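Look for chain A in each of the two complexes below; its partner is chain B in the first and chain C in the second.
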Partner chain A sequence: MTSLPFVLRRLGHSLLVIALTYVFVYAVLFFLPGDPVASRINNPQNPIPADQAGAILEYYNLDKASIEQFWISVTRLFSGDLGYSLATGRPVADLIQQGLGDTVALAAVALLFTIVLALGVALGAVFAPFAPLRKLFAVLPVLALSTPGFLIGLLLLQVFAYQLGWFSSIRDEGVKSLLLPAITLAVGVNAPIAQVLIQGLRKAYGEPFVTVLRAQGVPEYRIITGHVIKNGSIPAVTLLGLTIGDLLAGSVIAEAIFSRAGLGFVTEQAVRAQDGPVVQAIVMIVAIVFTLVNLVTDLVYPLIDPRIRTAPKPVAVTVAPTQKAAVS
Partner chain B sequence: MTLTLPATPTTPPTTAPILEITDLTIGYASGRAATTVVRDVSLSLQAGKTLALVGQSGSGKSTIALAAGGLLPANGRIESGTVRIDGQDVTELSRRGWHGLRGTVVGFVPQDPLSSLDPLQRIGSQVGAALLQHSSATRRTVLERTIALLDRVGIRDPERRVRSYPHELSGGQLQRVLIAIAIAGEPKLLIADEPTSALDVTVQKTILDLLGDLQRELGLALLFITHDLALAGERSDTIAVLHQGELVESGATADIVENPLDPYTRQLFSDAPALSPDKYRDRRAASVHPAPELNAITVSGLVKRFGSHAAVDGVSFTVAAGSTHALVGESGSGKTTIARAIAGLTAFDSGEIRVGDRTLERTPVHSNPHAQQLQLVYQNPLAALDPRFSVRRALEEPLILAGQRSRAARAERVAEALDQVALPSSVLDRRPRELSGGQRQRVAVARALISHPGILVLDEPTSALDVTVQSRIIDLLFDLRETHNLTYLFISHDLSLVRQIADEVSVLDSGTLVESGPVSEIFSAPRSPYTRRLLDSIPGPSRVTTLSS
Partner chain C sequence: MSRQTAVTRRWTPVRRATPIAAAALAAAMLLSSCAATPAAGGNSTEKNGGTLVYLDAELSSNTQLQSSGTWQDSAYIQNIGDRLIFRDPETLELKPWIAESWEISDDGLVYEFSIRDGVTYSDGTDLDAASVKRNLEWQAYGDAEKGIPANNWFPKVESVESDDAEQTVTVTLAAPSAPFLAVLSYWRTALAADATIDASIEKQSQISGFIGSGPFVVESETYGKEIVFTKRDGYAWAPPGVENQGEAYLDEIVVLPVTEDSVRLGSLRSGEADLIRYVQPSEEKTLEDAGLTVVGVQGIGNANVWDVRQSAPFLDDINVRKALQVGIDREQIVDDLYTDNWDAASSIITPGSIGYRDQSEKLAYNPEESNRLLDEAGWTERNADGIREKNGEPLSILTYVDVYDSTAKPLFQLVQWQLKQIGIDLEIKETDYASYVTTLEDPNVGVRRNGWPEADPLRLTVNYHSAYTNSLNLPTPDPKLDALLTDHITAIDPDERAAILGELQDYVVDQAYLLPILNDTQVFAYQPHIRDFEWGAEARPWFYNTWTEKK
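Take a look at the complex of A and B:
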């Protein structure tokens, strides 16, 4: 029973984090030198005369004081307006919308692969019948950690697209063309999860309750599927939450390698053009996803682990954990 | 009363044994090498009887228990000998072969109830699973049967408890649930591996009483593994004493208790505080320094709250200089909190603490303000010593903190302290992990002594140690008290140990002081019912008095 005050407080925290991120990102972009409008005005081949330049600056609100510019961007934000791209002049919302769907699809499939891959490797590393086989599985995450994601992507392209010809490296083939980039992403981010899972499963498998279940005559596979996996994967849940952010960030590289449209592509263009409003919007999306996932993880935890759910007394929630430990 | 129990056999002795172990040798493989941990052990246990397997850590008693339940870890192997359960040879039984036996013929009660249930599942579903697997219970009747079974093992309010998670129950209640699971399939043999060593004494008594009741009612054979000889003497029909994997003595409990033949068994008897309460009588009297006008520690009206819960609620007592004052109580009674407050390691809410002629600050401080005068020795030396520090460095650190710059002077003081706790200088370059439990606790005592304090606060200093090792540490503490005129505040849950070594005792119950006074008075005529209950829970006190008189 996650209490309502707890949910509201966590929601408040999340909103605060998002607001602070907005201010911070705005400030960083503001203080970075140069912007596409300035370079268009000061283009050495075709400089724009001062009177026309004034109109352009006014259009983008660049003539106003910095604090006023910030205020305009905030008020616009609340009416659902993300402003206009400085490089292309198009509404930022349009640009984002164009890429977001593709990237979310990619990240979702990659997340699915990550879970399957991490769980498979961890199960192999802990429960495979022979010790050498277990060791082999346990080494895999280390291998994946020390291999850069783009290398795996290029390797997959080389084998499956160029050699075997199963996939096109350029053409959009719908769901099918999601597979290779999703695998690339998943291999890159699943290693830490697999390692935490391996540790968690090993620890859970050594708990006294496993001996009790065995003594009770519960078959080994039922002990593993019914008890060990649940207990052992609790620590990995937090990590999985953090990984969703990594998947979004990693999609930039995957999209570049596999020539996919998406948020990664939009980001790359915007950063290259120093397109402030677009970069700002993308950073904000990533920040919002991060905080949301964190929020969801925190709220989901009590559902998985009853020990977190039932605090003995309402006051105990506010007592620092160190103090509680001292009582016992 | 306990002596009469084995004298009334309920089943004729001619029945075939439920458990019969013959010349059993078990080894553990580590890499290519194998270590033999049990050698040529033969035992036999009849229906309705209790066999106590007694020994210290590493004696092989748990390994035998695991082998008897087919629960040896993957690297454990029966090298020779046979194990027969209810007439069936189970020595070479495969995992599948054990299936027909587990739960229905052999039940298992584990050592640590707190981690022996799946923390993510409700009590009811875990007990229910055992019932569904081994009894005639069906999905429709399982809830009813679960409630009845929980009621049978003494769980209060079982209708509500089936919905509880393990963390919502106390250790004693959890052990009852585990017993319920163990008897769900109506086994003939129950293996209980130190079933109460993680529990308070009063709880220990109720759990063992429950096991005894069930045994009589169901005709169970009980293989009772314990390190506590007093407990074994009180609760078994036959005793088998193990030492380093070998059986040193076995026979009827009454015979062994009255006339132990093997020197090792005799040693165990003399080291067990419950069985030799007068061991230190002379030394205790000799080292009391008559200085009643001087109080080493004065605690008055001490209150310490955690949130709205008062862990210590208005406790007052005094510790006379040169005496050993014991602070006893069950877990959660506030003993450790008081020790930490006296050492200046935790803030307190009201009251006053005086150490010598100093009054302690009430506000939180993170270092011991009177380190030169008072030192704390913790229960678990492995946790209290930095694992990366060598013994030398651990002992030098207080001197460096006290500003001793001269390397030679430090080395001299370290050598002296090591000598005081009777450790050879060869341990100086070892790390805590490379020492035995007893050696580690000696290092912890040496570290406490290095700044020449007059008072030691000892927080369960021997509860993690075997009785023989405990006995050596207690000897050491007496030596040190005589030579250095020390005052001890000795925190313990072991009343038989307190009776053996302390001059004065303060009894705590959930944060309040129940009574306080000389050990001889309180133990012979307790005024509070709580103290009486604690004293009644000490295994075998009645027997001991009849034996020693």
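Take a look at the complex of A and C:
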């Protein structure tokens, strides 16, 4: 059983990770050359002379020492103020709120497609009646992995928006607008999950308990749906947790192609402009989401596999290099 | 009252897909050398209504007037903010607008503007003399508490007084300023309501925070998704002489930022969009063949030039600079990389700008002369790559690909190839959008792209005078350059100013301080049902007279 001290310890680790992430990102952004205010002052299209630039630097506290700027940033954070985007003047909280809503909706649909696609491909690759068909299914993840996401997006737009006219390439049509970008995201993201799931299902299907179940007269479909999938999906579930990061990263491309102003788009714009407060906030959100997902994944294991729940104590498991390669 | 001399506008022909349209265009060109688009006919009843969907290549980032610099924001402001003075895009004359008349003292120090009656901002407040006074003070002095700088185009202003009874505003300058009226016609001096001036810089940076008196108003904005402009109900203060004196024809303009080139093109071709900005030269013909209109828009102001920065190695030698000047084959650049919508720069400012003086002969490609100059400068040895050397050092010049121009990379590469023929190594590096400005502060960067359409050659002074931003990084100020850059500002007689600007262009080209490359061109493509797509003198779209046949 997952114990409270274990959960608290994991939470403590998570907070430390988040705090260190904040410091690290702040330092990186501080030491990298360029920021929106410097760009504004030295913009060749509208250079601002030094005597006028002073007022701008003072307003943004950029005339202060680095440690002082950091302290201002931290105290603002603890008062719940994420500040303003230096590039656009918009409250960071508003940008995050707008972007997060769009991206969560996109990621949720993409995750659903990912699960369906990965499961479908894996089942096909392991249980399809003919060997060539199984091989074909097994090749699909490799094909998906080696196809750039932007190409899939542009192809989908070409066929379904420009040629057939079923979707708008530029306007927000509500839920309908989620489908093409979600497919774009899911095709790329599901491939490693499908590969791991194929391995897991093959391994589970060869386990002695399957023979026992067959001997007990359990129908084959019940063996697969009720036992093999459950046993063979644990590594894939771990990977599914990590997929959240892939979905967020992939959303940068998908949102650019499908003109969606989600968190990926906000991230791309903020990174492009080195918009410190926005980048900082987004990294923090991603760090928090990752930490929570990892925590939840750890807590979900025992629910899927009772052996983990009944183990006398945690056992360190060394992952072989080949397995690492398969899940990375 | 003095007026700036009218100058003939240089413009890029509108190219239509059909021979009939091309013939009509030729006729229109004969009739007028400065029409923005061919006359499209239609009465105001049939023109009224409809929506224009405009896909811009970049998204609105900062609309704070004094500190903004992005092209797209300037284009939006131009349509929602009126100015005191109107620059007629056809004749380039400066004409009355919100200032229905003005007088200038003989010494050029005192300007008295009479403010038009009955003008209001879109929030219902009056655009009267008091509001104009506040705007001018705000522009002249900035708002340091909010981090808002002064408008760096503004002359030094001693005082601004308003007479509420007479509805006049009197501006007293510290020194005569020839560009002052032109500055007051520029988008950056769009008149803003108190609510905007009172707002924080953050609010002003968002387009929904700009409350103007223009023919369009911001209905809504969703960051990164869309900006919806609607026509201003009751708009009745267009510049005198403009055919439309009422409300704009379009009900609505929906601007969608679509940064992906292929999506903009696909959406236009599939009919989802009416107008797009930024078309790669290689795509122009495809769009024309599909029945769309492609137009290259040029305006007055600075040409696209490369600043030659003398802090970088070897560039303090005039022979090296002059070798660069004639070692670049501008015609080849246009022929090989661009289309008829583009043309080579013929000076450091564009044709039509006040004082423009053609420098084409001095800029003509002449590799023999380049070689002679470099030999004379002692760059006689060549390394295995054919690059000239002196004292064991290769003649290498560092630059970064311009991030503001989507066509820049092939241009830089072609110039690199051209310069290699005369033994100069143009070392091209790339950096990202965010780091570009800071990276190019490196004194070792030898050439940097600069120059955009603007209201007045005043930009030359802001950029290159040693007391301003000294973009040439001269080791010591050049007194002659500084004097010319100062004198054209204080020369209030237009003829005298034009002569000084002519001399300035001669001097800058003779010294090879700048390398003119192209005349800046914005390429738009639009559907045939969009009529009277026009633009201002500085090449920003002006949707006031635009209408659509598709309701």
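Keep in mind that, in the parts below, the second predicted complex is superposed on the first by the 295 of 328 C-alpha atoms of A that agree within 3 Å, B and C clash if a C-alpha of one lies under 4 Å from a C-alpha of the other, contacts with A are read in each partner's own complex, and residues count from 1 in each chain.
Convention: a contact is a pair of C-beta atoms (placed from the backbone, for glycine too) under 8 Å apart; a residue touches a chain by one contact, two chains touch by 3 or more.
It should be emphasised that the depicted structure is a prediction, and the values quoted were computed from it without experimental measurement.
Novice: Quick check for you: in the superposed arrangement, does A:220 touch first (chain B), second (chain C), both or neither?
Specialist: A:220 contacts chain B only, not chain C.
Novice: Just checking: does A:211 make contact with chain B only, chain C only, both, or neither of them? Give me first, second, both or neither.
Specialist: So A:211 only meets chain B here.
Novice: Which of the two partners, first being chain B and second being chain C, lies in contact with A:230: first, second, both, or neither?
Specialist: Touch status of A:230: first partner only.
Novice: Have a look at where A:95 lands relative to chain B and chain C in the superposition and call it first, second, both or neither.
Specialist: It touches chain C, and chain B stays clear.
Novice: After superposing on the shared chain, does chain C or chain B touch more chain A residues?
Specialist: More residues of chain A are touched by C.
Novice: In the superposed arrangement, does A:271 touch chain B (first), chain C (second), both or neither?
Specialist: second
Novice: Of the residues on chain A, which ones does chain B touch that chain C also touches?
Specialist: none
Novice: Would you tell me which residues of chain C are touching chain A in their complex?
Specialist: 53, 55, 59-62, 64, 67-71, 142, 144-150, 152, 200-206, 209, 222-225, 256-260, 262-263, 266-267, 269-270, 272-273, 404, 432-439, 441, 448-450, 452, 462-463, 468-469, 471
Novice: Write out the stretch or stretches of chain A touching chain B in their complex.
Specialist: Listed in rising order, the residues are 207-209, 211-220, 227, 230-231, 304-307, 310, 313, 315-316, 318-319, 323-324, 326-328.
Novice: In the complex of these two chains, what residues of chain B are touching chain A?
Specialist: The contact residues of chain B facing chain A are 69, 71, 95, 98-99, 101-104, 106-108, 110-112, 115-121, 129-130, 133-134, 165, 167-168, 178, 181-182, 184-185, 191, 306-309, 311, 331-332, 337, 340, 346.
Novice: Quick check: in the complex, which residue numbers of chain A touch chain C?
Specialist: Result: residues 32-36, 38-40, 42-49, 52-53, 55-56, 58-60, 84, 87-91, 94-95, 98, 154, 157-158, 161-162, 165, 168-172, 256-257, 259-261, 265-266, 269, 271-274 of chain A touch chain C.
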